[in-house]
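Pasting the structures in now, so scroll down.
What follows is chain A paired twice: with chain B in the first complex and chain C in the second.
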Partner chain A sequence: MIRYIVRRLIGTIPTLFVVSLLIYSILQLAPGGPEQRFEQNPKVTPAQIAAFKHRWGLDQPIPVQYCRWIGVCNPDGEGLGVFISNKGLPNFLPGFLGGGDNGVLHGDLGFSSSTGSSVASLIGQRVLPTAILAGVSLLVWVLLALLTGVIAAVRRYGKLDTAITVFNYVGFSFPTFWLGLMLIVVFAAQLRILPASGMWDTRTVPIFGSAEYWAFLGKKPDVAIIDLVRHLILPVVTLVFVNIAGDSRFIRAAMIDSLNQDFVRTARAKGVAERGVIFRHALRNALLPVVTNVALELPFLFAGAIATETIFSWPGMGLAYISAVRQFDYPVLMGILVITALVVVLANLLADILYAIVDPRISYG
Partner chain B sequence: MPHAPVDSSTSHGQNGLFETAHTTRLCRAVGAAEEDNHGNVCREENYMRKRFLSLFATGAILVGACGGAASPSPSSTTTASTPPASTEASPSGGASGEIDLTATKYKADEVGNKGGNLVIGISGDPSSFWFNTYDTFANDCEAFCPSMWGLWNNTMDLKYYGQLASNVPTVANGGVTVNGDKMDVAVDLVEGAKWSDGQPITCDDVIFNQKWFMDKDQVGLQSGTSGYEDITSIDGAGTSKCVLHFGKIYEPYLGLFSPLYPKHYLEKSSVADVQKNLYVDTKLTDGVYSGPYMPTAWAHDAQINYVPNTQFWQTIKKADPPFESVTLKFYADTDTEIAGFSANEIDVGLEFNQNQVAAMESANLGDAIDKVLGPTYEQHSWNYKSLTDKFGDAGAKALMEALHYAVDKEAINQTITGGAVTPSCNGIYPDAWFYDGSNTCYEHDQAKAQSILDAAGFKKGSDGILELNGKKAEFLGCARADRQYRLDTLNLLNTQLQPLGIKINVKGVPAATVFAGWTEIAADTPCNTTHGNFDVVEFAWVGTPDPGSNYFLYHSKYDPDKGDHAGQNYIRVHNSDVDASMDVIKSSVDLEKIKEAMATFQKIYVDPANAFPEIALYNWTTVMLKSAKMHNIANNGSASVQTWNIEDWWREP
Partner chain C sequence: MDSAGTTTLEELEQSPDYDVQLESLNQWQIAWRRFKRHRMALIGSVLFLGMVAVGVFGPFFLPYDHTVIGAPDAKFNAGRPPSPAHLFGDTGRLHRDVLTLVVNGVRLSLLIGILASAMGAIIGTIVGGIAGYFGGWADTILMRIVDALLALPLLFVILVFSQFLGEGHASWWTMTLIFGAFGWLGIARLVRAVMLSLREEDYVDAARAAGVSDLRIIFRHLVPNSLSPIIVATTLGVAGVIIGEAFVSFLGFGVDPAQPTLGNILSGSLEFISQKNWWWAFFPGAAIVVIVLGINFMGDGLRDALDPRAKI
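The block that comes next holds the complex of A and B.
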C-alpha cells in the first residue's frame, strides 16, 4: 500500500505540471491582465505601463513567465542564464543546494499583483474559514445524503421515497445564489434571527483567526462557538440543500442495487436482523461508489463553493478567487488554482485508499 | 458638468468611465463609484470624483487669479480638519468673481455623545492601502482616507478645505503666485500636527513625497507623476511653511499630496518594494498615519478595524474622538448590505444608487435612505462613423436626429429603474457652475422621428427593417454582460425602435472587452469601443467638476482611430463647432469664456437637429443608508467619498 501511495504521489508531479501549464497559458491568453488597471488612465504613460509590465515580468513570452513562476528560471537571468541561479547553479535546485529562491518549486507563490501581499499568506488566511464551511457542510450533507438515500432505497416507491425524491429535486433545482439570497432576506432581513453574512459578529467578536479571536475563544468559548454556528447555518443550509440530491440519489441507487444482491438474500435467510442487513451488509457495499463521489466533491468544497462564499461574504478561498479574477491577479489565481489541482489529485488518491479500506477485496500490494 | 476624468489632477484629464474592461481595474482607472452598486466593480469612482474636484477647483481658482475677479472668501483660509462653514453657498455659474470654491454649506453639529463602536458597511473589499498611489479603487479611499490625510480635501458641496494644510492657497488670498508661465504655491501645514507615532508633520514630508513620486524605481503609480514632475523645488525644509515652485502652470495643484505620506516611515523601504514592505495588510499596526482613525487589523472580505489616532485628535482636531473604535464591514453585494443594515449589523451603509432604493423600501428602510443626485449619467453612445459608413453623412444625421426623438426615456425610467431617476437630455451635472439651465429638453416624439426618417429617404424593406442605399438599419447594441439592467435597457430600446423599422441586436460581452485598449484586444472584437466595433453601447460617464474633461470625449482629435489611439471619443463625433468649444475650454482660464463655450456645447448636445451621437438617459442617484441616531453624515453625489468627514460623525446613545 505504501509503495502504491508513493508511486501515486510521484505520479502527481507530471500531472500538476501539465495542469499548471494549462492554467497558466489559459490565464495569459485570456483578454485583460494586471496592466489593464492602467487602461483609460491618462495619468499613466505608456512608458510607465511598460515599466510595470517589466517589473512583473509581463513583458516576457508566456513560456518564460511560466518558467519563472514555477521556479526553473531565474528572473534576474538573461539568455540561457535564466536557468542559472544567482549562486551559479541550476535555478530549479533547492535554495540550500545553490538553486534559486523564486517560484513554486521553492515554495514561493509570489506576490499579489494588485495588493503586493504575499500570495501564500493571502491563501493561508483563507484556508481555515473555507475548511470550516466545507467540513461542516460536507459532514451534514453526506450524513443527510446517507440517511435519506438509505431510507429512500429501503422504502423505495413508497410515500417516503417519493417525498425524499421531491425534496432532492427541489433542492437540486435551486440556483445557489438565489437560495442564498432568499435565506438572507427571510432569516436576516425579515425575521432577524440569523446574521446576513460574514463569519463572526462584527460588534461583539474579534476578527476570526486573529490572536484576539483565540484569546476570546479561550475566555468565552460558548459565545464564540455559538456565534460561529449562527453564521454557519445559512451558508451550510444553502450548500447542503443544493448539493444533497446527487449523493442521496447515488446512495439510493447503490443501496437498491445492493439490496438485490445474493449476499443480502443470504443474510436475511440466515436470520440477520433487518437493520444489520441494511447497515452491515448492504450499506457497506453500497458505499464503494459513494466514496468516489465524496472524494471528488472535496476539491469543489476546498475551492470554496464560490457562489456560497460570495453571497454570504464568507472570507474563504472562493471569495479570494473571485476577487483575484476581478483584478486579473494572476499570481493569486495561479496559487489558488494550483492548490485546488493538488487537492483534486490528493482527493483521488484518498478515494483509492478508501476503496481498499471499505472493500477488503481491493489490494494495491 | 463634464465627465469624471480618470485623472483628477492631471493636466490632461479624461472622462470617468463607468464601464471598464477590467472589471475593477479599468474602472479604477476611470473611477466609478456607483458601478460597485451593481456588482463590485467600479467602486473607485467616488474617489475619482473627489480627485476631479481638485481639477475644477484649482482651475477656477487660477482663473480667478488671472481674471483678477475672485475675491477672497472668508473661508478661503480654513482650520485644518474643519471644513469652513459658509453663511451662503456660492452661486453656481456667473462670472469668475462670483465663484467661491471654499465656502461650503457644510457645518458639523457639536458632538453630542462619545464612545462605542461605529460599524460602517460597504460592498467590496479594498485592494490595498495605497489609495490614489498604486490604486484608485474608491473603496480603498472609503477605507483608508480616514487614516491618511492629504493637504486638502473637498466637502460634499464641491468646496475645498484644508486637511494637513491650514490654508487653501489661491491667487486671490495670495497663496498662489503666478509668474509668467510659472507659479509658486504657499502651503501652511497645521502648526504642531503630528503623525500617529508622534513625529512632527513638516515640509520635509512634502519635499520627500515629491521626490518619492518622481523616484526612478517607482512602478505602477496609478496616480502617475503629473504635477509632481512640474515641481522644480520646495522651500521650507524643517518648517511648517512650504512653498512649492512649479516650472509651469499646473492648475490642479490642490489635488497633489493627497495623501501625504510620512517621510520617516517611507524611508524604511526601497521605493521598488514599498508595497511589499509598508502598510502591508497583515501588519497595519506598524504603519504611520495622519487621519482620525487608523487601521489595526484587516480581514480581507470581512472587515477592517480602526482605533482613534491619538496624535490626530490631540494635535490636529484638538478634540476627543467620538468613537472608541470604528469597523468597516464588507458585504459581497448591496443586497446583503441592505439585509445587514436591516439586521442592525451596521450603523451606516455606503455606496448605493437608485437601483437599490426599491429593495431598501421593501425592507422598510425608507427613513434610513439618504439620496442625492449624482453626477454619473447613463447614456447611449452611438458610433457615428459606423452610421456614416452605412448611410452617408445625410442619412446618418437624419437617423441620429430621429433616434433622439424615438427613445422614450421615461419608459426606460419606469421600466428599468422603477421610476427612481429623472430622465435627462444633458450630460452635464446640474450643480456644475457651467451647467446651462436654459436648454429645454426635447420631448419623446415617435411621429417626428418617423417623418425625419421618411424625409431622409429611409424605406422599410420586406422584413420591416428600414433601408437606405441598400443598407439596413440593423445595429449592434452592446453592454457588459454583467450589467443586466443595461441589456434590458437596450432590449427595451429595440422594442421602442421596432415600429420605426430599426432593429438593435443586443449583445452582452465581458467587461474587459468593452474598453480594452487598442493593443490589448483583437481589432475585430465585437463591442470593443476603442476599435469602434459597435453601433450603440450603453454605459455611464461620471460627470466631473472639470469642464476640460469633455475635451477628451468630444474633440475630433481624440477619436480612438487616430494618433496613439488613447482618445475617448468613442462616438467618433467630428463636429467643428464642438471642437471649437472644446478648444476654448481647454485653452482658457477665463471662467466666463469657459461657461460660454460649455453653453455652446450643451446647446449642440441637447438639440436633436445637431444629431449628436450621444443620448443621455438619466443621472444616477447616490444613496446611503444611515441610522437615525447618526449625526453629521453629509452624503454627496459628487464631491468626495462618503466617509469624507468621518471625524465629525457621532451617534446618539
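The block that comes next holds the complex of A and C.
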C-alpha cells in the first residue's frame, strides 16, 4: 500500500512539471511584461529599465528565467553552478537540507506587481474565506446529493424521482453567476432579509482575518458566527443548487446499480429491514464511486467559487484572481494558478488512494 | 419502413420479423426513431430550436436596433420596468431596450457556442485520434498536456487569455477561438479511450493487412465508429461554452458591449440590482437557462438514442 502511494506521488511530478510549464508560458504570452509599467513614465531612462530587467533577471534567456522561477536554478550561480545553492548543495532541495530559498519549490511566489506585497502572504489571507465557502458548500451539496440520489433510486420512476430529476436538470442549467444575481434580487433587494455582499457586517464586526476579528470571535462568538452564517447563506445556496445535479444523478445511478446486486437480494431474503438494506448494504457499496467523483469535482468547485465570490464580493481567492486579471498582475495570477493546480492534482491523487483503500477488489501492485 | 405507414412502432416491435426490418435501417435511422420516442429530448429540441429561431429571425421583427441608447433620465437612472413599449424594460444608465439586447444576444451567444464547440470537437478528435491510435510517446506527451490543462480550472485560463487578447473589447470570434482552443480536452480524452478499444478490432487488422494507410484507418474507420460519444459531448459542450462566455463577458473581460451576447448585456446589472432593477438581469439569464436546459435535455436524448446497448 505504501509502495502504491509513493509510486502515485512520484507519478504526479511529470504532471506538475507540465502544469508549471503551461503556467509559465501563459505569463510569457502576456502582453508587455513587468517593465511595461515604466513605459508611460518619461522620467525612467532606457538605462534604468535595462538595470531593472537585469536586477530581476528579465534579461536572461527564457529557460533560465523558468528555471529560477521554479527554484531549480540559483539566481546567484554562474555557468553550471546555477544548479548549486549558496550552501553548495543542489538548489532544488528544501532550504533546511542545504537548498536555495528562491522559486516556487521553496514557497517563494514573488511579489504582486500592483501592491508590491508578497504573493504568498496575499494568498495566505485569501485561502481561509475560500476554504470556508467551498468547504461548507461541499458538505451541504454532498449531503443533499446523497439524500436526493438515494431517494430517487429507491423510488425509481416514481413521482418523487421525476421531481428530483427535473430539479437536477434545472439546477444544472443555471449559470452560477446569474443564480447569484437572482438570489440577491429576491432576498437582499426585495425582501431585505439577507446581506447581498461581503463576508462580515462592517458596522458590527471587525475585518475578517485581522487580530481584532479573532479577539471579537473569542468575546462574542454568537454574534460573529451568526453574522458569518448570514453572509454564507446566499453564496452557499448558489454553489449547492448549481453543483448538486451531477452528484445526485451519479449517486442515483450507483444506487440503482447497487440495488440490483445479488447481495441486496440476499440481504432482503435474510429478512433485513428495508432501511438496513438501503443504507447498510446498498449505499455503502454505492459510495465507492462517489468518493472519487467528489474529489474529481474540485476544479469545478474552484471555478464556481470565482463566479460566486465575484457576485457576492466574498473576499477569497476567486475575487483576488479576478482583480489580478483586471490589473495584469502576473505574479498573483501565477501564484493562484500554481496553488490551484497543486490542490487539484493532490485531490485526484487522494481520490485514487481512497479508492484503492475502500475497494478491496483493486490491487495496487 | 412499413409500407402501409399506419403501423405504430410498438406494433412493429411485436411483429415476428421485427429484427429483419430493423436490419434494413441504418444506425442513424435507428437513432432518430429512438430520439423521437424520448420525451425529454423532444421538449429539449423544441426549447433549443425555438431559441435558435429567436436568434435567427428575431432581430428582423424588433422595433429597435441594439445600438440604440436612450437619453439620460435622472428619475429612471436605474432603468424603466417592463412596459408595452419596452416589453422587457430597459437597462440602467444607457436605457438600452432589454428585449432587443436579449434577442441579439441569443443570436451571438448561440453562434459562439456552436462554432466554439465544433472547433473543440475537431481538435479533440484529431488529438485523441492520434494519441489513441499510435499510442507510445505521442500518447504520453499529448495526454500529459491534457492532464496538465485539466488540472487548471479552465475558466481561470480562459479569463486570462480573454483579458490579454481583448482587454474587454474582444470581438465575438476572438472569444469563439479562445473557447474552441480550450474546449477540446474532454473530447480528446473521450476519443482516445474509444480509439484504444477500437484499434484492437478485427476490421482494423483487416484494413491494415490490406495496406490501408494509418490516417485513412483513423478517419475512415475509427472516427465514424466513435462518432456517437463525440456528438453527445459536443452538444453538451455548446451549453458549457454559452455559460462560460456569458460569465467571462459578464465580468467585462469578454465580447465588446457593442456586440450584445447574453453575458455582456448583464455586465452592468449588478450595480443596479439593489435599486430593484430585476428585469435587466432576469431576462438575459432566463434566456441562457432556456437554451442550456434545451441542450442538456437534447444531449441526454442523443446519448440514449445513439447508444446501441441502451433500451428505451
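Keep in mind that, in the parts below, the second predicted complex is superposed on the first by the 289 of 365 C-alpha atoms of A that agree within 3 Å, B and C clash if a C-alpha of one lies under 4 Å from a C-alpha of the other, contacts with A are read in each partner's own complex, and residues count from 1 in each chain.
Everything that follows uses one rule, which is that a residue touches a chain if its C-beta (ideal position, glycine included) is under 8 Å from a C-beta of that chain, and two chains touch if they have at least 3 such contacts.
In this text, all values refer to a predicted model and were calculated from it rather than measured experimentally.
Enquirer: Scan A:48 for contacts with chain B and chain C and give back first, second, both or neither.
Expert: Only chain B is touched by A:48; chain C is not.
Enquirer: Once the structures are superposed on A, label A:117 by its partner contacts, choosing first (chain B), second (chain C), both or neither.
Expert: Touch status of A:117: first partner only.
Enquirer: Looking at the overlay, what does A:311 touch: chain B (first), chain C (second), both, or neither?
Expert: After superposing on A, A:311 lies in contact with both chain B and chain C.
Enquirer: If we overlay the two complexes on their shared chain A, which of chain B and chain C does A:172 touch? Say first, second, both or neither.
Expert: In the superposition, A:172 contacts chain C only.
Enquirer: So, does A:337 touch the first partner chain B, the second partner chain C, both, or neither?
Expert: second
Enquirer: Considering only touches as defined above, state whether A:196 meets chain B (first), chain C (second), both or neither.
Expert: Both partners, chain B and chain C.
Enquirer: When both complexes are superposed, which of chain B and chain C contacts more residues belonging to chain A?
Expert: Tallying touched residues of chain A, the top partner is B.
Enquirer: When the two structures are overlaid on chain A, which partner does A:22 contact: first (chain B), second (chain C), both, or neither?
Expert: Touch partner of A:22: chain C, not chain B.
Enquirer: Going by the contact rule set out at the top, does A:184 touch chain B (first), chain C (second), both, or neither?
Expert: both
Enquirer: Let me test your reading of the model: by the given contact rule, A:219 touches which partner, first (chain B), second (chain C), both or neither?
Expert: neither
Enquirer: So which bits of chain A does chain B touch that chain C touches too?
Expert: Shared contact residues on chain A (touching chain B in one complex, chain C in the other): 31, 181, 184-185, 188-190, 196, 310-311, 325-326, 328.
Enquirer: Touching residues of chain B toward chain A in the complex: what are they?
Expert: Interface residues on chain B, with respect to chain A: 5-7, 9-10, 12-14, 17, 20-26, 28-30, 40-41, 117, 119, 125, 127-128, 134-136, 219-226, 272, 275-276, 280-282, 297, 299-303, 305, 327, 329-333, 335-336, 338-340, 342-346, 363, 510, 512-513, 515-517, 520-521, 525, 552, 564, 566, 568.
Enquirer: Using the touch definition up top, name the residues of chain A that touch chain B in the complex.
Expert: Counting only chain A, the residues touching chain B are 31-34, 36-46, 48, 51-52, 54-55, 111, 114-118, 121-122, 125-126, 181, 184-185, 188-190, 192, 195-203, 207-210, 310-313, 315, 319-320, 323, 325-328.
Enquirer: Applying the document's contact rule, which stretches of chain A touch chain C when the two form their complex?
Expert: So the residues of chain A touching chain C come out as 14-15, 18-19, 21-23, 26, 29-31, 169-170, 172-178, 181-182, 184-185, 188-190, 196, 299-300, 302-303, 306-307, 310-311, 321-322, 325-326, 328, 333, 336-337, 340-341, 344-345, 348.
Enquirer: Hey, which residues of chain C end up touching chain A in the complex?
Expert: So the residues of chain C in touch with chain A come to 144-145, 147-157, 159-161, 163-164, 239, 243, 246-247, 250-251, 253, 266, 269-270, 273-276, 278, 281-282, 285, 288-289, 292-293, 296-297.
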